[in-house]
Every structure is written in C-alpha cells, then in structure tokens.
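You will see subunit A twice below: alongside subunit B first, and alongside subunit C after that.
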Partner chain A sequence: MTVTATTSPYLDQFRQLAPTLPGGRLPWLGALRCAGAERFAALGFPGTRQEAWKYTNLRALEKVVFAPPPAAAVSIDRVSSVLPEDLVRHRLVFVDGRFRAALSAVGDLPAGVAITSLAAALEATPDLLEGHLGRLGAVDGHALLALNTAFAEDGAVLLLSRGVDLEAPVELVFVTTGVTTAMTSPRLLVVAEPDSRATVIEHHVGLGETASFSNVVAEIEVGAGARLEHYKVQRESPAAFHIAVATARIGRDACYDNFVLTQGAQLSRSEIRAVFAGTGGDCRLSGAYMVRGHQHCDTTTLIDHAEPQCSSREVYKGALDDHSRAVFQGKIVVRPGAQRTDGHQLNRALLLSEHAEIDSKPELEIYADDVKCSHGCTVGELEDTALFYLRSRGIDRVGARALLTAAFLNEAIDEIPVEAVRTAFQDLTADWLQGS
Partner chain B sequence: MAATIDTVEKVREVTEQKYKYGFVTDIEADTAPKGLDESTIRFISAKKDEPAWLLEWRLKAYRHWLTMEEPEWAKVAYPAIDFQDSYYYSAPKLKAGPKNLNEVDPELLRTYEKLGIPIKEQELLAGVEPTMAVDAVFDSVSVATTFKAKLEEKGVIFCPISEAVQKHPDLVRQYLGSVVPYSDNFYATLNSAVFTDGSFVYVPKGVRCPMELSTYFRINASKTGQFERTLIIADAGSYVSYLEGCTAPQRDENQLHAAVVELVTHDDAQIKYSTVQNWYPGDEEGRGGIFNFVTKRGACRGANSKISWTQVETGSAITWKYPSCILQGDNSVGEFYSVAIANNCQQADTGTKMIHIGRNTRSTIVSKGISAGRAQNTYRGLVKVLPKAENARNHTQCDSLLIGDRCGAHTVPYIESRNRSARVEHEATTAKISEDQLFYCRQRGLSQEDAVSLIVNGFCKEVLKELPMEFAVEAQKLVGISLEGSVG
Partner chain C sequence: MLEIKNLHASVAGKPILKGIDLSIGPGEVHAIMGPNGSGKSTLSYVLAGRDGYDVTDGSVSYDGLDLLTMEPEERAASGVFLAFQYPVEIPGVSNMTFLKAALNAVRKHRGDKELDAMEFLKLIRAKTRLLNMTDEMLKRAVNVGFSGGEKKRNEVLQMAVLDPKLAVLDETDSGLDIDALKVVAEGVNALRGPERSALVITHYQRLLDYIVPDFVHVLAHGRIQRSGGKELALELEAKGYAEFGVDEAA
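Our next item is the complex of A and B:
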C-alpha cells in the first residue's frame, strides 16, 4: 500500500470508521470495503497525466481533507421536489448522505417492488444485496469509485421483480447541508429484473457555502426486456465537488435512458458507463450542462457495444458563461463480433463568454465491420443573425441571448420522454438563465 | 452483411501478392559502426563536414534523448526497438562524389528507374518546360538532385540538407529546429541527433516555384534506420508544391524510419506538401516492415499564409505520424487531407494537429481511414483554439471504412476551444462498403475488384483530388493495388 499525503487522511478515517459502518459484521461487505480502501490507496487521486483525467484537475479537491459528516443531524423541515406534487409518490431523502425517514415517503408500492435505504437494506436483507453490490461498480482502475466502495454507508436500493411496472417516478433527493467539510459517499443500486419498468430521478442539491464532496456511485442492472429511465439533477452548492460514476448493464432487448442536468458544484464530473449484455439493447445517454463563474463540469461517457444489434444514441449540450470550463469525453467501443451496431453521438457546446473553455474528446473504437457509428461535435457562440432577428423584433439583447440559449439547451432536454421530467428540466434551465 | 466470403478470399489473394518495390539494390555501402552513442553522432557530423554549431546541436539533442521515454499513448503495439541494433549511417560508396548527374553510379540510376523515378534531366523537347525536380535520397545520403540550375535562375534553393549546411549555413541555422525543437518528442529528438540527409528548400520573396519539387526516399541497406530531415521555407508571397515518396526492400526485420519535416511560411506564402508513403508494410503475418515514426509540422508564421498537407499512407508496419499546422499569422490557413490504408497486420495511428493562434485562422481536416485484414487504423487529431484566435474556424471530417471483421478503426479527436467566436465542427462516421453499391457496380459488368477499387477511390476522392496531378495518378493506382479485393 502506497500512502501519500492526500490519501492517508482517508485511510486513517477508514480504519476508524470501518467497524461502525452499516452491515459491518457481514464478511463479504467488509472484504469489499477493504478492497476499495486498498485500491484507493494504491491508485491515489487521479492526475491529469492519466488520459481519462487529462482535462479535469483534482488538485483543488485533494487540498481539502474531507471527513464523513458528523452524526448530529442538521434539522431540515422540507425538501422541495423537482416534480409536480401529484407525481411525488415514492421518495427517499438523504441529508448529508444519510437517509431521513421523516422527510421521505416510500408510498404504496406494487408487489415485487422494494425501495429502501442502503443502510436499512444491509441490516435487514443483506442477502438480497450480496453479489449485486460492487459487481457493476467493481473496484478496478477507478480511484474514486474505490473510495466510495470503502466509505459507502447509505444510499438507495431499488429492486424490481420480473414484469413489474412502477408507474410513478422514484425520487431520490440528496441534500448536502455544507455545515462541515463533509465527504458523502452515496451508493445507488438498481436491479430491474426482466420486463420490469421504472423511472428514477436523482436530485443532488447543496445548501451551504462550505466545501463539500459528494462521491456518488450507481450500479444499474437492466434485465432482459426491462426499461429504466434514469434522470439526474445536480445542483450542488458553488463550493461543492461532485463526482459520480454510474455503470449500467443493459440486457437483451432492454432499454436504458439516462439524462443528466448539471448546474451546480465548483467541480463536477458525471461519468456514465453503459455496457450491453445482450442483443437488441437500446441505450440513450443525454444531458445538458450550464455553468458559470469558475465552475468546471466534466461529462465522461463510455458505451460498450459488447453484443451485436444494439443501438445507442448520445446528445449532450452545454452552455458556458464567465470563466467556466466544460469537458466532454465520449467513447463508443464496438467489440469484435458486435455486428449491426448503431451508435451515434452528438456533443454541442455554446461559449457565452470570451473566457469560457471547452475541451471535447469524442472517441470511436471499432472492431466490427457491419456497423453504423458516428459522432459529431460543434463548438461556437450564438449566431449573430439569430440574435439580430430577435432584436429586430424588439427583444432586448439579454432576452434574445437567453431565448436562444434556452432553445439550444432544450434541444437535448426535448429528448426526455417523461413529460413531467422534461417540463421540470426546462423550468430549471429557465431559472438558470434568469440568474445571468 | 459483413464482407462476403468472396471478398475475404480476395483479401487473402491480394495479401499474397508481392510488394512491388521489395527488391534490394546490390551496392557497396559506407556505413557507420552499428549502434548509437556520441561517437556515432560525431562520425555522421564528420562525414558531412558539418560546422561545430550543428554538432553541438546534435549532441544536445542526443543527451536530451537519453533522458526521454518512448511514447506509449498511440494505439500501436510492436516489439521493443533496440536502438543499438541498427546502423545510423549508410551511404552508397561513391568515387569522389558526382559532379553532375552523368557521374551518378549507374546502379543507382537503374534503381530509381525501376521505381519509376526520373532522376535524369531528360533531353527536353523545345518549348516543353520540366514539371518536376527530384532529390533522390538513398539510405543516409542524397544521391542526385535534378534541375538545380533551372531552379537557381529563379532563386529557388533545392538541395540536400547536408549541402545546404555548407552553402547556406545562415538559413539552415535560422530555421532548423525552429518549428520542431530538438527536445520536441522522443523520435524527433532522436532524429535531431542522428539525421543524415533530406531536402532543403528555400523559395525567395514573391517567387512562385516554377515546378513541383520532389524527394524520393529509398531505404536499401539492411539493419539501417533512415533519419531524414526536411526543411522548407517559403518567404513572403512565394509558393511551392513539394512531394515526397518512399519505398524500401522487403525484409523480415523491422527497420526504423524517424523523419522530421519542418515547414515555414511567411506573409502570403503557401506550401503544399504531398506524401505518398509506401514503405514496405511487412508480410501478411506481420513479419518485417518499416516502423515509421515521423514528426511533421508547419508554422504559418506570416499573415495570410497557408500550409496544406496531403498524405496517402499505404505502407509501413507501424505508422505514427501527425502532420500539424501552427496557425500563428492572422488569416492563415491549415489543411490536412489524408488517406490511410492499413491491411494485414499494419497499424496506423495518424492524424493532425491544428493550433489556432492568430485571428481569422482557418483549418480543414479530411481524413479517410480504411482498414482490412487484421489491421488497426486510428485517426488521432487535435484542434486547439487559443484565446486570441478570434473567429477561428475548423471543420473536421473523419470517415472510416472497415473491411472484414478482424480489423479495427478508431477515431480519437481532441477539441479544445478557448475562444467563443471560434467555430469548431467535427464529424466522424464509420461504415463498410454496402452490398447495394457493390451489387450496382457488379450488375453493370464491373468485376468485384474493379467495383471495390471504384467505390474506395470514390470514398477517398476528396483527398486524392488535392494531390498534384502526377501524384494523383500514382496514388489512385496505389489505392487500387492496396485495395484490390482488400475492400469488399
């Protein structure tokens, strides 16, 4: 184990904390956590010399020593939802990484659906989690995933039995209070058995001004013929660091749809890895990011066409104002034998300020010949002619820019099939533009 | 439908065809002792009777090289290169050094004739102007340069770089290493230490070079690396079109080729640089072939200047090559047109870098990659827009064609924009030759081979049309040969 100045505080914390973590007496879980800690120690924080982190420098994150949030709960009366009230039927709220039953409402669930907090599940039904936890999000070369594996104490578990259709979305709200320089390690586990269907909305919101670090890992198993819509809103505080790795395994004829709306955090990275485990799968990854100030927003995706006849589609759009910087790295791999693959990717960024910067790296790696793959990437500013048109119609400069920026971003948001979510995300985009 | 059995068969047939340029010229050679240390560099420098500053520069590069590590980021795999198991200097033995073309060893002339390269100044018919001047580089030395006198009339300098060091030391000293510094990268640094020959071109102010300039590189000697260095300077308002071609004998060993090309354009000047790279690619099992690690870079120093790279890459076991443009001058233009064909076990990792520094700079990238057999073909490119590059424009188009299910085609573009008024567009597609296209051609009476050649030439047309006419014909044939059945 190589211990460096930046990793050692976390390893010390881990040694103290490990026995007290939920499910600490489970041997398999203990082994998993230790493996995570060891891997993190071996890898250390990723540096920009690593290709995957070329454009995202974590030095600012490394400088702060974060600690797990104190046990004393911060009192919160109410947590707002991104959804209209009548749709908020299944809701789990986490404050500083820990489940708050008082703010949550699991609601009426059809037979075959389980929605619980990870900590509760580890105490009550650990057998259901063994074999799933740490399988898709295996501790490999990803230091922060390993760090989460070591520290994850709570999070959400959604289990869907074969054929069950959960109509209303499941809303998972993660509130970072920012009272202390806390590191939270939420872990999400979704196991959708064949032919089941559900919608999950992850909502990360920050309240305080203190630096905080959310290190989120999601493991998503989409069984054959199942359909999962996974949406995420990231509105952490301007001092926050937010790193998330979601791994989805898409079964035969299954469909996985992911959309990430990024507005918050001083430094954020949303990493999505989707792998096809059967033929006929369909994967859609999209997102809209809008940043300003000195925000840094990284979107990294990997779609692994390991099986033939699968299709994937990616649309990411971003608006960058002030001194903000965005990174997009999207990779599509088509494995040998994955014939009749259809893979398309589009990344477009709008630079609203002369100091903004975008780094984009779309990547294709193809080992099969009967495939249709493409990627497109554009970077530019608002079109003068479009601005002129609106101004000639009597709309002022600020209004015209906001209108065009909204139209630009909505092109990605329009991809969302669930109407309530689509509307909510459009509203959030409008709010962001108002703030400019 | 993937490639049909028929076409797969064809690929096999073609791969068994002999590489046309695989012969060896039996000629006595003067070589440096095997291996590389400071004495090798002193040997090369002494052979060329170089001034002290150049030897110092070489040694500085060599000492720096010792501290460097071989780059591993490219998507190519090859056995470790033993840099001590190679000769760094090999020159055909010449009696005194030919004073004119008539004194060149007839064996050498025959070699170039066999390669189809005219290095005789043929008797010209009255009123017919020569269209191309050739510099022929054989292993480590330039053996002949044609039409030098004709070019001198216009003030154009076209000669081996070793000659330029003697005759035009100020120009060489001013520009050598000014675009690719000696410490640039592992292979460029190695080249700076041991470069042997290459071409030097200087086009004076306001001169439009009256003919195409061409260098023909030939590796002949066994276990010898070729390290040529080309330096082209286009002074204000001038224009030059330069072509290079390369071949090597068929051998089971791998030979190293690490070249550096530097281009400089001043105000309103333009350089058009075309390459048809046909080094020996190795056999169908991947034995032998040239390791081609090349650093090519052009600096558009002046306003309104332009550098255009066109390359047809069909040879080499490993290609590692990124012809780049540094667009410093306002309104300068960079272009990169590339066809890269990889068959059998070839691995190509090639692309470009466009660095936008000046205002209103524009760049265009068109890359066509074709993979067949078990080859891996990667486009790797960088488009970088710096904060001052107001209104910079880039358009990139990368298309890949795959033939057979054992090859790979990869695209790795990097786009970095730090100016909001810049507009950067990148598009990449991957496809195969459709059965519909093939069927259409076949039912019009074309053979499978001709149909494939037609379709692939169509796929590459955007690039091939950028080549000067003489080369375009050769390149089209080359694409045809490389693809006879190898695409389907």
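Our next item is the complex of A and C:
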C-alpha cells in the first residue's frame, strides 16, 4: 500500500471541506489547516518501521476510509457523567465531534475564565486562539497530529486568567455514535495563565458497533505557578480507533497532573508529551489500562526535562486479558544543564491470560550529571497463593481474580489526588472487571 | 462431621500422605502433632482444596459431602475453614473489603441475605473487640505489614466472621509469643461448641495447653502412627518423636 493510496481519500475530503470549516475565513487558521494536510500527505500513516510506532500497527485503521460525519445530527437524550452529577457544574458535550449546546451546561464562572467550544470560539473570539492553536501541537513529524490539524472543526477551549481558581471540574464528553464510519478530530486547548488552577476531565465514550476513528489533539499550556489536573477516560466502542496526542508545557513551579483510564476501542494510543519550560516544575503522568478480547492499547509518554530542578513521576498499571496487547513506551530526556532533575517511571502489567502480550520500552536519555532518575517495569500474573487464600475464604475464582486485579490497578488510580475522580475511576474499573 | 479414609496425596509427584484415616465427630477438637515434613501442612491444604496437592487414593467425607470434589470456595461456604500457617499478604485489598467480600460470598452460598456496610461494620466491631484488634488493622491491606501475631489474630478474626463448622488450624502457634498465643487460643476457644469441630495441627504441645483437645494423633511418614487422649501430647513433649523413627536432634 503506498502512502497516496491511504492518504488521498482524506486529502480529497479536505479540499471539499476546508472552505466550510468553522473559522474558514481566518487566514492564519486556513494556513494552519493546509500545513496540516500537506504534512499528512507527505508523511502518510505511520508504519511499524518508525521507531515510535514499532509496536502499534495502524494497518487496520488505514484499511477503512473514514470521513467527518454528515451534518445531520444523531439524536441523543442524555449523556452520563463520569462524576456524580451534582459535582459537575461545567460540561461540554460533543456528539460525533460537534458541540451540542442542549446537552451541555456551563455554570457560574469566576471572572477571567472562558469555557467554550472551539467552533464557537473561532467565530466569536478568534484573536484569543491565534498563536495558541497549533503552537504546542505544532505540525511537525507527527502524521496524525497533522491530520487532526487539517480537520479539527470543534473541541474545547479553556482559558484561565492569571491567579484564577476554577474550583469545579470541567467535564468534556465526546460521544461517538457509530452511526457512520466517522472520523472525528477533537481539538483541546487549555491555556492556564500563571497561578491559575483547574481540573479537566475528558470522557470519550462510544455507543455504536460501527468502526469509528477519534483523532484527538490536546494543547495544554500550564503557566508559572499554575496547576492543571487533567484526567481522561477512554471508553470508545469495541470497533473504534482512538488516537490521542496531548502536549503540555509546564512553566516555572507549575504542576501538570495527568491520568488516563483506558478501557475501550479496538486500537488506542494515548501519547503524552510534557516539556518543562521553567525550573521547579512538577509533572505527574499515570494511568490504568485494562483490555480484553483482541484490543490493542498503546501508552506512549515523553517527559522532556529541559530545565533544571523539575520533578516527574509516572505510574502506569495495566491488566490484559484474552488475546489483548498493550504497549508502553516511556521516554525521559534530561537535557544538558537540567541539574537536580528528579524523574521516576513505573509500568507494571498484569497478564490475565497466557495469550495476552505487552511490549514495554522505558527509555532514559540523560545529558546532565546531577540527576535522580529511575524506571521500572514488571510483567506478572496473579499469584496462585493469593487466589487460593481468597477462595479458601469463600470468594469464587471469578471474584478472587477481580478483587486482586482491582487491587493491582488501584495502585495507579491512587495517584489521583482528587477523591471524587479517584472513586469514579475505581468504580469504572470495578465495572470493567464485572465484564461491562 | 469429617471422615478421612485411606487418604493418599502427592505434591509434584512425590507421595506425602500415605493412607490417613481420621474421624472427627461434631463438637470434637482433634490435634495432629508431628515432626517437620510429616505431612501436616499437606493434610491441611488437601482439606482446603489447594491446587497442586493431588489426591491419589482415599476419600474425605464432610457433613455427608464428598469434600474432595468441591472447589475451595464451596468448601469454605459449607463451613470448612483453614487458618494458614503463613497467612498471605494481599496488597491493595483492605482487610475490611476482604472480610466483607468473604462473608457475603459465604452468606450468599448459604442462602442468607448479604450484609450491607452498616450491618457488616456492627458485626466486625464485635469480633475485633474479642481479639484485641484495632480498627486500624481493618483498614490496612490484608496482612501487609502485620506482625506475626497480628497475622494469626487476623486468621482467627476471619474464622470468627465466617463462623465455620470445621476449623483446621495449621501451626497457628508458630511465630507467636505467649501473650499472642493466649489471645489466639481464646479466640479459638470462643468458637467451640457442640456443632463445631476443629483440627489443630501443631508441632509443639504448648498450644494444646490453651486449646485443650479431645483427641491427639501423631502424624509421621505420611500416616497416623498413634492416637490417644490429651495426655499423649504431654508424652510427646517429654519424649519427642524418636519412637516414630524421626530424629529431630539436628
């Protein structure tokens, strides 16, 4: 299969759609989209010969020609929240990639906070986005990021002015209906000015059986002294493809905390790139992935210690059943001069079936001498002695396995400092273990 | 209550139990004493149904049921409880969650209503008081960071919660100082009753000062070599296991 064969349908679509996309009259945006399309055309879908995609084969994705869903809206009555309803005061809901005002609600906001859909922001306040959109998620060597840049028509924008504390979490719900073989290209932009604080929960959920393709890009600017908690749940439908790239720039003394709970999609990749832009920054990336059947789930992280005295901590845990496969690629780069860096990474996987497989690739590149860096990865099975102990107390085999697997995964979920989110993610894990 | 006939069992192809016959009636407490390697722990694991302990001959009937065909969880639900010599640590599962899951699994199997959080808390508080256990021990992960004594008390707590008809105590005295031993023994004695039987497996006679058995059996070389009353334990304490062809001087 040549690059052209699999990319040309998308380029044709782009030529047709470009003039109709939100903000299509904005020259800077038009240029950005064209750059995305051109870059995608040049790169093609990544192949397994590329180091970063060695373990995740996108051939099944390439075989299907996805297209942005037709404008006719699929009707949806309600969308359930990850958090208890009374905790969610701000919620943006997107159905097949497009904002649905009727399902969304934004409560009272402190002065200096904007929460809006990308399409609306491009119409109403494009000046606020120019210079931010496409900056952290620049169209470079990443073909799917480029593809998203060409097609992104909606998504969420969160702007926090200096010093503002948005206490209530913002929930972003992306529903894929699976009515058509839809490609959606949600784009998230978070600009947290110095000393601001917010919690964002990203929830991707699939309803149908049809193959769909969510190609998500997030750009997250965490200003000096700001704190951003970014939690994601991926529960796409079993036929879905879900590819996401989040790029965070962490300012001086700022904190970025990211957790990804992965349960859905036939093939998913969560890629997080965090770069320190000032001293004293703190980055925490963690996640729990749980897959079964023939699911494939890829977690790829890059932490770029470009500045001294920053700390990073990664804790990922995964449970793999049946014939599922997982990939973990964790890279930590410590640049020359980034002294007193503290970086720790852990990936632990539990194989619940002899047919499940994981490829785990930690990578440390250290160019400074006064650093503390460690990584660990383990692959194991449930312990027979523990299983027998539980069964000898009356808990059946299925229940014992679920209890031990939950305990294993909860070690990662315990990294989440927000109790309501932690509880919600534990509940989702328990649901998954029950088989739903 | 329990009828063991000609029980033979192997571990990894190696015969360990070579024809055990033992009958335990309702309300009776039997002690099995024996040197290291005599097959004491193997007997307890065979009764609890652990994988890897292969019964090659004989039968075990419990309360009219063919025990050996039952899954470990079915045995537990039917009232068989094994107190482990080495209780297993389970990181990430709180003692409370574990006990509640176990009790409700057993209650469900017995056709009783499962307890909700409040009902369970009330029950567990009463049991922990009896064993000098703190609430803090309930919140901690199962046996993780517990001292030897705490682990054994935790075993007895589980036993008290699950309310078994046949308790098998595998070297419950090992690793305990005398105070811990007394607490554990009191916990076990509190469960004695006309319908409840126990099989106390021990190397030393000391435990039997506190849990006084009705019968004592000597296990050596995979068979019961001698049976008698509680005075047999004292005799063994004095003479050792030499008369059964076991030299423990080393």
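One rule holds in what follows: the second predicted complex is superposed on the first by the 432 of 436 C-alpha atoms of A that agree within 3 Å, B and C clash if a C-alpha of one lies under 4 Å from a C-alpha of the other, contacts with A are read in each partner's own complex, and residues count from 1 in each chain.
Keep in mind that, in the parts below, a residue touches a chain if its C-beta (ideal position, glycine included) is under 8 Å from a C-beta of that chain, and two chains touch if they have at least 3 such contacts.
All values reported here derive from a predicted model rather than from experimental measurement.
Undergrad: Overlaying the two complexes on subunit A, which is it for subunit B and subunit C: clash or fit?
TA: fit
Undergrad: Is A:Gly380 touching anything from subunit B or subunit C once the two structures are fitted on A? First, second, both or neither.
TA: Only subunit B is touched by A:Gly380; subunit C is not.
Undergrad: According to the stated criteria, A:Gly47 is in contact with first (subunit B), second (subunit C), both, or neither; which is it?
TA: neither
Undergrad: Which partner chains sit in contact with A:Gln339 here, subunit B, subunit C, both or neither? Use first/second/both/neither.
TA: After superposing on A, A:Gln339 lies in contact with subunit B but is clear of subunit C.
Undergrad: Pick one for A:Ile366: touches subunit B only (first), subunit C only (second), both, or neither.
TA: first
Undergrad: For A:Asn410, using the defined touch cut-off, is the partner it touches subunit B, subunit C, both, or neither? Pick first, second, both or neither.
TA: second
Undergrad: Who touches more of subunit A, subunit B or subunit C?
TA: After superposition, B is the partner touching more of subunit A.
Undergrad: Going by the contact rule set out at the top, does A:Ser353 touch subunit B (first), subunit C (second), both, or neither?
TA: The first partner, subunit B, only.
Undergrad: In the overlaid three-chain picture, which partner chain does A:Pro84 touch, first (subunit B) or second (subunit C), both, or neither?
TA: In the superposed model, A:Pro84 contacts neither subunit B nor subunit C.
Undergrad: Determine, under the contact definition given at the top, whether A:Asp396 touches first (subunit B), second (subunit C), both, or neither.
TA: In the superposition, A:Asp396 touches subunit C alone.
Undergrad: Nearest CA pair across subunit B and subunit C in the overlay: distance in Å?
TA: Minimum over all C-alpha pairs of subunit B and subunit C: 15 Å.
Undergrad: Give me the intersection of subunit A's contacts with subunit B and its contacts with subunit C, in residue numbers.
TA: Comparing the two interfaces on subunit A, one with subunit B and one with subunit C, no residues are shared.
Undergrad: So in the complex, which bits of subunit A are touching subunit C?
TA: Touching subunit C from subunit A are residues 384-386, 388-397, 399-400, 403-404, 406-408, 410-411.
Undergrad: Tell me, which parts of subunit C touch subunit A in their complex?
TA: Contacts found on subunit C: 48-51, 71-73, 75-77, 81-82, 84, 87-88, 90-93, 97-98, 101-103, 105-106, 109, 141, 158, 162.
Undergrad: Subunit B touches which residues of subunit A in the complex?
TA: 51, 336-337, 339, 349, 351-381
Undergrad: Can you tell me which positions in subunit B touch subunit A when the two form their complex?
TA: It comes out as residues 1-3, 73, 387, 400, 402-432.
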